[in-house]
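I'd like to ask some things about the structure below.
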């Protein structure tokens, strides 16, 4: 109990077993990472039995979630910047394209996957699964055994490890905005031009809008099953 | 259409038939009272077929609502003040004890009674029913025919016609309050004494209070089916 | 004092099993979004519902369902728990068939559909609504066990609608002669009330919105009159007609009810304003404290005359008082939430709150009220409420003095 | 333009049959009080529900249900219509089994039950919550038809709970070293987010109450972190752990999502603040005006940096602007409702709103945003929204410039 407490009788100290049970997060500096290891091979086995049904054999499936693997090159591993994020040649942004920190993968898989059975993986399972995913992206070789001792080395090969920008105005409420609009009141736009309109196929793609508004009052929904009124 | 309208296209003038259909209120000065008449006898018939099931043959029933008739005297008719409101000899305050304005009875019965079939009475029916109720309170004789021409005379015999006080602080937001408490902060009451406690029979009269509070959190309900904890 | 359910009391050797063991909600997949397209409270909240007070009225279509203030937070009343007072039951009126007529001392008798009204300039404002009969059972003595029944004819919502003044101006109302407004409902009772027009003209709203959505049917869908500071019966539901007039109307609910009987047998008629009042909602009557120690004591304050300026709380039946914290926003004619620290040492205590509004008016004791008004007024009991905490931790309704 | 349903258009010889003929609700007895002990909206409101956007995500337990802003009023979102964003579905967690652990850079690792937390000093405050991905589908071009889908990951409630600062102080948090707070949820996703501790310390709330009642299960019952001004994903639901740390955590939802891709391929990480934004909610995309004439144009404005100072509205696609009326209260990091008069003459029009907050920041056009951030950021699109009103009265989603 906290002797200096303002609130006698409220709350209690956590036991170390309790902290261990819940404090499972793994930081980018690997604080919180449990000891253990797992091979790409074991990872592949686990993946095929527990993960591939949703994410595809190669982490490429777009059925349940955006693909996890794809879009990175061995060149990216050197630069630490995923080129396809800039050149837009990749239609979708996969997880491996975006993630800068291997800890994020480890932490998330351990805490939340498989989606329908979270918290069912051991630490070793998690090492193996991360190893397998990274092997598919060529970050580690196919015979790799990932462990708490070598994961810092692996971090140095993450394809997008230099892809993050921390300097911007949106971390602090007092941060500086990056647009500087002014509140012009009259004759602000010489020529108002419509740059984009709702595509025809999208008119009824969300169901009939008439059924998503009141059927009384001044603001009815348009019948989007039909073309606009003449 | 209102030519000076700020809001073109919104609303329209009411027709006279519409105003007639809805503007049925009757004021204390009898503005709004339709022409017509009804006898005590006819009132009694109507009452017994349409009203007595809820209010009792003599308006005395306490089953569905507080009694309508009772508690007034011929003396009250003279003074225009119902004595039993002050002397507290009457256990319940009936409608006739309280109402100062006969228009209120007429208006309400016409607009809202019978409770399960409002707006089903004609103006003549209403005259008859008011006549019958007033006859039971001896305000009018048993052979009376109440009509729009004599109702102002009847008003002069309403037992509680002088019973209303219009001067008080609660009609205007700026009205003067009738208590003048001060915000004493320390040693305000020499001797704090409990003047009234929840009667024992009331402890569980509203059902088990334990089931009317959360069953978690610090503010549970007491089990009122049992006596208080020792 | 019982000692149950605080973290301090459930410690196994290693720690709490609900931490040490993984729970279902950590290890399985939850429910889809929009499982409830219109959501409902947790199943664990089922005890907090609107309830009738047995014996208060004889039939449930002319009755009250009280708001469970004992379990609510902040100032907004969720629409599902807004108190209900019906005189002839409630209806789900077809909004396409609802009309508002404005007549009387106006240049133009006008008719508006909901289509029309909802196109007019609207305002949104947070206000309390309290039934004039709230706390009415307690004029003579303590009668009911919990704050749901003592004070639960009280709610507070954000209302949206067209200002009454805009509507009356549009109809060319004669505001010189027309000092009275008759508001009439579209239900079976055809509820009619006389409104003090000059007094409320700047603030009253012909409203359709309530906490962001349309009024609930039991609260007058699709249209009700909002009369800030004035007792609930004047907030006419299913509003269908407004008549501007030059005298009060003495309708049934202002000639026979909703007027305040004084000791001399005279009744104050057209009493309307809800004076400054407050009540502690937790802990409150019928609750059971589980343990000694620190508590946040919380309650509500309001005034029909303006803003709450201060709330004081006493733990010793009114002998000594401390100033409570007021939550923001503090709005005119709206509920204000107050909170204050308390350490319960296990000894009996009597909790009270006392509100002060920005006119300087101080909420009176029940004795002060009785000294002026006697015990038979039924309406407008704004007395300081006392809750006794027994040494067994049970809180009960008492009156002091 | 079509002309339907206004009072002016339904006049029979004598008048409107719904006035001349007595209606069922005037002539029969209505329903009892407490027919619904916990009430629901009118049957005529059934169209206004939370809805998913088809194709947005592939599974409904990792998806969004949007708030129907097109039909709402004022600033309070009714709890039943609060938007939902789930990553691993939602649970009805047993509050007796819920715990909050505080650990990391604190003198005492502590555990609190709901019993404990609800005894602590509480505050109640009104704040908006907006998902960082709100309006995210519209970075490149117009994509969805209505304001429910363009802006419906937005709600505003009165939250009640213990200030984060009180809780951290009680645990002896080292606020010199500990500039970061990890908030963790108790659901299957174990949602974790890094919070900018110094930035939010004075305003964040460990909350259980939402619009007067307990949080709804799909919004984190019984406990969620309220981080005013910050994107919704950081308002961790089913909050079970707070860890004070000395560096950010790069959790999945801040390493892979909820960061903003710039044109050069770099991603702004830990973008959190919801910048000043506004949108007209009526009339809005997919709605059909029935007639020419007067309309009240209404919308919402908000800023994660403070209060709304002003909202301007344009009816000509941004060429000319007028100042809108702001409804009260105008609160920091809360929605503000604005309204403005408009007479529609039947000609095509483009409606826009532009909010300004009390830092002086002016809501940008989509072009200005794209000039800096390109079109692939997904998150934090706070551009001015344009609604085109066609000469047929149909309102549609467009982008100008």
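Read from first to last, the chains carry the letters A, B, C and D; within each, the first residue is number 1.
One rule holds in what follows: a residue touches a chain if its C-beta (ideal position, glycine included) is under 8 Å from a C-beta of that chain, and two chains touch if they have at least 3 such contacts.
Not measured: the values here are computed from a predicted model.
Novice: Which neighbours does chain A have in common with chain B?
Specialist: Chains touching both chain A and chain B: C, D.
Novice: What is the distance, in whole Å, between the centres of chain A and chain C, each centre taken as the mean of its C-alpha atoms?
Specialist: 46
Novice: Provide the C-alpha centroid distance between chain C and chain D, rounded to the nearest whole angstrom.
Specialist: 27
Novice: If you average the Cα atoms of chain B and of chain C to get two centres, how far apart are those centres in Å?
Specialist: 22
Novice: For chain A, jot down the residues that touch at least 2 other chains.
Specialist: 6-7, 10-12, 14, 18, 22, 115, 118-119, 214-216, 218-219 - these are the residues of chain A that touch more than one other chain.
Novice: Among the residues of chain C, pick out those that touch two or more other chains and give their numbers.
Specialist: Residue numbers touching two or more other chains: 5-7, 16, 19, 26-29, 44-45, 48, 51, 71, 88, 95-96, 101, 111-112, 115-116, 118-120, 188, 190, 222, 290-291, 293-295.
Novice: Mapping chain-to-chain touches, which pattern fits: line, ring, star, complete or other?
Specialist: Shape = other; not a path, cycle, star or full graph.
Novice: Which pairs of chains touch each other?
Specialist: Touch list across chains, by label: A-C, A-D, B-C, B-D, C-D.
Novice: Could you please specify the touching residues of chain A with respect to chain C in the complex?
Specialist: Residue list for chain A touching chain C: 1, 6-12, 14-15, 17-18, 21-22, 115-120, 214-219.
Novice: Any idea which chain B residues touch chain C in the complex?
Specialist: Chain B reaches chain C through residues 2, 4-7, 10-14, 18-19, 22-25, 27-29, 62-65, 81-83, 85-88, 93, 95, 98-101, 103-105, 107-108, 111-112, 115, 118-119, 163-166, 168-175, 177-189, 192-199, 202-203, 205-207, 209-216, 218-224, 228-230.
Novice: Could you please specify the touching residues of chain D with respect to chain A in the complex?
Specialist: Per the touch definition, chain D meets chain A at residues 2, 5, 44-45, 47-48, 51, 53-55, 58-59, 62, 68, 70-71, 88, 101, 103, 107-112, 116, 119-120, 141-146, 148-149, 169-172, 182, 184, 188-190, 192, 196, 199-200, 229, 240-241, 243, 245, 247-252, 255-256, 259-273, 275, 282-291, 295, 304-306, 310, 312, 316-321, 350, 354, 356, 361-365, 368-369, 372-373, 376, 380, 388, 390, 392-401.
Novice: With touch defined as at the start, can you tell me which chain D residues reach chain C in the complex?
Specialist: Residues of chain D touching chain C: 5-7, 10, 16, 18-19, 23-45, 48-52, 60-61, 63-65, 71-82, 84-86, 88-99, 101, 111-113, 115-116, 118-126, 157-160, 186-188, 190, 208-209, 211-218, 221-222, 238, 290, 293-296, 298, 325, 327-329, 331, 337, 339, 341.
Novice: Across the complex, what residues on chain D touch chain B?
Specialist: Its residues touching chain B are 6-8, 11, 14-16, 19-20, 22, 26-29, 95-96, 114-115, 118-119, 222, 291-294, 343.
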